[in-house]
Amino acid sequence: MGEKLLEVQGLKTWFHTDAGLSKAVNDVSFFVEKGKTLGIVGESGCGKSITSLSIMGLVQTPPGEIAGGKILFEGEDLLEKTEEEMRSIRGKKIAMIFQEPMTSLNPVFTIGQQLIETLMLHENLTKQQAREKGIEMLKLVKIPLAEKRFDEYPHQLSGGMRQRVMIAMALCCSPKLLICDEPTTALDVTIQAQILELINELKEQTGTSVMMITHDLGVIAEVADDVMVMYAGKVVEHATCDQIFEKPMHPYTYGLMNCIPKLDDDDTKELSVIEGMVPSFDDMPKGCAFCPRCPEAMDICREKMPKLSEAEGRMVRCFKYTEEWEESSHE
Amino acid sequence: MKKRVSAVALLCAAAMMLSACGSKPQAPAETTAAGAAGTEAAGTQTGGESTPGAADRTGKIVRVAAVDPQVALDPQQYTYSIVMKITDNISEALLTTKGDGSLEPTLLAKMPEISEDQLTYSFELLPDVKFHDGTTLTSADVKYSYERLVKLTKMATLLENVEGYQELADGTADELSGVVIQDDTHFTITLTKPYAPFLSVLSTAYTAIYPHEACEAAGENWGMTTLYGTGPFKMDSYQTGVGVTLTRFDDYHGGAVKLDGVDYKFIEDVNTQVLEYQKGNVDYVDVDPSIYPVYSENPELKDQMHGFQPTGNYSLGVNVKTYPDAKVREAIALSIDRKAICDSILHGTATVPTSYIPAGIIGHDETLPEFEYNPERAKQLLAEAGFPDGIDLRVTVNSKYQGNVNIATAFQQQAKAAGINVQVETVDSAAWSDMKKSGGIDCNISNWYVDYSDPESMLYPMTKTDTNSSFWHNAEFDQLLEDGIATTDSAERQEIYKKAEHIMTREDWATTPIYNETKFYLLNPSITGFEIDSTFRMFWKDADIQ
Amino acid sequence: MLSYTAKRLGQTVFVLIGISLITFVLLQVVPGDPVALMLEKRADPETIAKIRHELGLDLPYHIQYYNFLKGAVRLDFGTSYFTKEVVSVALIRSFKVTVKLACMAFVFAAAIGIPCGIFSAVKRGKRIDSVVMVLSIIGVSAPAFWFAIILQIIFGLKLDILPISGFDGVSCYILPSVALGARYAGSMARITRTSMLEVMGQDYIRTAKAKGASRWSVIMKHALKNAMIPIVTLIGTDFGYMLTGSMLIEKVFSIPGIGKLAVDAMSNRDLPLLEGTVMYIAFVFVIVNLIVDLSYAFLDPRIRYGKGAA
Amino acid sequence: MKRTRIGFFNKQRQFEQDMLERGVEYEYSSFYADSLKQLKKNKMAMGCAVILLLLILIAIFAPLLAPYDPAYQDYTAVLAEPSSAHLLGTDEYGRDILSRIIYGSRVSISIGIVAQIVASLVGITLGSLAGYYGGVIDNVISRIMEIFQAFPDLIFAMAIMTFMGKGVLNLFIALGLLTWVRTARMIRGSVMQLKEKEYIEASRACGASTFWIIAKGLIPNCLSTIIVMVTLGIPNAIMYEASLSFLGIGIQPPTPSWGNMISAAQTFISYRPLYSIMPGVAIMITVIAFNIFGDGLRDALDPKLKT
């Protein structure tokens, strides 16, 4: 096991809304190793984006609140940092790429101005140097005519180009950790592949660790070393990429895998779907959050929440792999 | 929480506002203190804790709050009282009317001599009277000024009895042939028929004497950028929206003038005018009688308030075309409670008249009873006239004169008792003059002041023109007026006008007086030698600042 | 953009002609005769006819209007019936005063309104947000002339620290501009807050934060520049209104600005002066709106480069 | 807040979807029910709604509430100070100020509402014509709107009031004519968007008359816009009334209106402060209540309408 760059312990991010308390991230723990890629998978609303925003310290308070846990980055707890200190970490040591390239760039500033801003904030560069570095970064993310694009406005660029710009912006200060929140979701399939390839390539070049948040297992397969599956604010399975694809253990992970059409599937076999929806926070089931949708749910699942425990060299949150399962199935 | 906070904020804001304007019970006292301190500083102290306003006075300059006339300061063209309040200090007429109605020569060496047939007047000018431009007053200037008055048409009819008037007015002649120049200081004026008030006419501001060359040269700028007269002050500047500054004319023929100047400050809003007075930024301001108690109950300001009774009155005019029956008109006249208006609305500052012709003028009859409020009798008269259920009455008033609106509003309630349903209609000046002309006014409230101390000035609107909107004509009355101006004996004239008055206000009821007012002004106590009398003219000639 | 501007200016000409025609017709149908007003004391029919002839009021209406239009294209609106002042001179004189008042009121409104709106948006939901918003709605809801009178009493008379009328010197303009600016400050604060809140929820603000930009820079640079577009629309039109003069405030404080000129012209039925004033007001209004529209392009590159990208 | 707004948009999208599916025979009830729910959550707006309701009740029941006839002049108590007989004192005619303020609510509120109805009638008619036909008609109406907008408002009101004569009825018309442009612009914009919708195309294809399409197909869809415009227009009209009365061209005596009371009381501000302050406070409360309630309505019904 390599050196842990980021370790999240028991993170709880809650939101106080008009309708009550929403535990968007509820006791989540994981770590990212240096130079490795952690994929976080889950349906929308499962808490994966909130997790990343918590790490960045960008959760709006109120209504949000980090109710507990630790976020250790290079051994220091980010939650104890002042806003000032966090600012010098954001963009410099931890960078983030967002889901919506169309709206994530400020429409009233040029690409260059936005790139330079990041550089000027964290690196001690003159304007001229920042410009050169910025253009270099644009070239690095394979934007053609980088010098020209540098002075253009976001609306003059296509979605894929904008996401490249976002990546360039994220990487320009050589961060230790790059958080990608659904970086390809809003893009065409062909562009998706290019972007993922780019991220992979840059990761290799710079040795940056990556946290890849996505609902798309295909993306995970492409880039991740480790995979964490989240459901309703909790981690349900945490394993290496190979393990997951070889044998998904949690019924939810299993369900996710089945949603991906495979070439070798029998044509007659129906594409399976996970019935139902992620429960909303105000009607969270008493037991396992997934049990209303789980094809294998038993009484015990409805009674109480299983713990995240080790099974077959990985972490999984399901009674199926505990002794209680045996007991309850024998009853 | 949020709601509570905002509610608190709202309360606070409201409280703030209230308290700011408040400390209510003591408010008048505070006001006075500030006002008095201001004025005092302005007047007597220099330096020290003078108010910002007090600082702008340098030398003996009286500051008068005025409304911007927005027209040339030329009474021959514009008859607004503010124009005259200014020009009376710049230019002079041949004669001056005093408070008791008597005349005294101003630019004349002595009172003119009148021929036996009452048609020819001989004048002798004072020698060496200087105009502000340095020229000397001559008979030619007099003739020029009178001709100008006729040519400018607006007040021309004042001179309609002068020989040659009609020709000049029609444009068939280019001079006023009745004015004959003997030499530089002697001239005669010949009338076409005897005209008793003639000398009084020559004391009005409209007949001011201008230097003919300068006036001719100035053309349309006369009264705007240029205005010369023989008066105690010369015009320094006249800026629209700002004011008029007058400075002492050192060569004034009437002796040394004590003030260094008069500064008319244009302040549009009358309330702001009074505030500026309280602040000590002006020394003179007019005060409407309706706000009399605001100052009379104010221990500091009440002594600074002065009253005078201008010769004239407020009256109710009824259109005889709409209400041809004199009984109905009498009923209307009986349904206005003059006493209540004088005592309550005007806080006792006005008096109920006994006759239309005001006191101090020939024809005034004090022996008559006051006009009464008798709604029962009014009802009866209406029934007799065929309106047992009462009538609707549209009362139109000019919104420019708040006093008229006030009376109309009071009248509205008072007339109910007589079965007269009054509907008040306020219109602006332009619409008002137009409606008067076109007969669009059924009943109006208006005020009238004499231009010269003579019953003719009071009564001529009744017959000479239709602009009093009542369209009332009475042959006997007209004849009496003709006789009145042709008669010179005062006792005879008294009888003639008494009779005319009786026809007008006790028989035909087309116009009925409502009250004789007292006008008020606030004057900085450090100013002496200034008073406005019943002639309603503002002369700063003899004023001084202690 | 040039053709757009040209088109708008073309429409302006149409609007101005329409306005002058309406003014002309209104003054013909409205009861009131300037000549009768001039001859308050001794109006007899002959005198009236004579003066009407002098002023050219006896000509047929269409000729009067044609004569007016002929002058108007050369910016010659004639002279006022009453003051005999050349209308364009009167306009310039009043405009100088109004501009000062408008600028001060505008600076006051913008200096109070926009920061308060930003502050309120940043402190959204906090106590201070509610306070600012309640104050702003009070500002919008208090009748300006009433507020002006109260200001006069408090600051002019009771506290005796500011002049209550007049227009020479900056201090004279303080109370009028506060009275005039209060409601604009209120509406500016409200629009700024709304607009900022909308922008603050945008993805690019999150991006800026993720970059490590300071809170100040996020608010003042990233958010404000985007939020400016609706704000500029409002403050532009507001400034236009201020430049056309406030009749009520000018009346209370005795300031001889455009508003007073217009009211005087109307109450005197002074056709040349009214035509000039109304056309001036309309012109300022239209031009300010045009500038506001053009300023979008300056503020928003999507509009500026819109054609290039397509 | 953010959450609920997104929720609202979804609902509206859903609503539009429904309309498309059912052609023109759609149901509003669910949309308005949702909006009402939305509005109920806005506590400030609901508070103001209560204030407005009270004001309207005060206006309706003025004769019962007012201690005196507002026009009755008591010559024995002219400019009386506040006392138990006259809570706010009396004015320069000895009329009870409290009663006049109570009656004044009738004038101000009815002027606000009726003027807005007038403005809406003119605005809806011209706005929908311009939006529906486009082309020359739109061009002409748009220019007319520009002329009205650029014309100095108080001068226009002065001219209209002088022309038609003063009085409450004419004031309704004058204020309506002053404020219709805003409504017309909004309606024009909405109609332009709506007329491209399929269900309008469909009814056109079915041979529906233009009037029918505008009256039954387009206007109801702008209803929420209209409601919001009217509510936010009322305080505007109330302010105009006050301004005009202050200039002396509003309501004729003896009818009390808050504007003419302020104007009359101006002279007495330091002598009888309550006399001039209270009518202003009355205007302010009414205008604030209408404004906040209007904002609440806008947020609930039509959040696109900003500024």
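Which chain is which? They are A, B, C and D, in the order written, and residues in each are numbered from 1.
Simple rule for what comes next: a contact is a pair of C-beta atoms (placed from the backbone, for glycine too) under 8 Å apart; a residue touches a chain by one contact, two chains touch by 3 or more.
Nothing here was measured: the structure is a model prediction, and the numbers come from that model.
Q: Kindly work out which chain lies most centrally, taking the average of its C-alpha atoms as its position.
A: Per-chain C-alpha centroids compared to the overall one single out C.
Q: Starting from the Cα centroid of subunit D, hunt down the chain whose centroid lies farthest away.
A: In terms of C-alpha centroids, the chain at the greatest distance from subunit D is A.
Q: Just give me the whole-number Å value for how far the CA centre of subunit A lies from that of subunit C.
A: 53
Q: Find the geometric centre of each of subunit B and subunit D from their Cα atoms only, then give the gap between the two centres in Å, rounded to an integer.
A: Going by mean C-alpha positions, subunit B sits 44 Å from subunit D.
Q: Report, in whole Å, the distance between the mean C-alpha point of subunit B and the mean C-alpha point of subunit C.
A: Measuring from centre to centre gives 38 Å for this pair.
Q: Measuring centre to centre with CA averages, how many angstrom lie between subunit A and subunit B?
A: Between these chains, centre-to-centre, one finds 88 Å.
Q: What residues in subunit B touch two or more of the other chains?
A: 2, 6, 17, 21, 31, 271, 427-428, 431 - these are the residues of subunit B that touch more than one other chain.
Q: When you check subunit C against every other chain, which residues touch at least two of them?
A: Those would be 30-32, 125, 138, 149-150, 153, 157, 251, 267.
Q: Show the residues in subunit A shared as contacts by 2 or more other chains, in ascending order.
A: None at all.
Q: Flag every residue of subunit C that touches subunit B in the complex, lowest number first.
A: 30-34, 36-44, 47-48, 50-51, 82-85, 90, 93-94, 97, 125, 127, 130-131, 133-135, 138, 149-150, 152-154, 156-158, 160, 163-168, 250-256, 260, 264, 267-269
Q: Under the definition above, what is the set of subunit D residues touching subunit B in their complex?
A: Going by the criterion above, the answer is residues 43-44, 47, 71-73, 75-76, 78-79, 92-94, 162, 165-166, 248-249, 252-254, 266-271, 273-274, 277, 281.
Q: Along subunit A, where are the residues that touch subunit C in the complex?
A: For subunit A paired with subunit C, touching residues are 56, 58, 62, 83, 86-92, 95-96, 98, 100, 103-110, 117-118, 121-122, 153, 155-156, 166, 169.
Q: Across the complex, what residues on subunit C touch subunit A?
A: For this pair, the touching residues of subunit C are 125, 202-204, 206-215, 222, 225-226, 299-302, 305, 308-309.
Q: Touching residues of subunit C toward subunit D in the complex: what are they?
A: Where subunit C meets subunit D, its residues are 11, 14-15, 18-19, 22, 26-27, 29-32, 137-138, 140-147, 149-150, 153, 157, 191, 194-195, 201, 230, 233-234, 244, 247-248, 251, 259, 262-263, 266-267, 274, 277-278, 281-282, 285-286.
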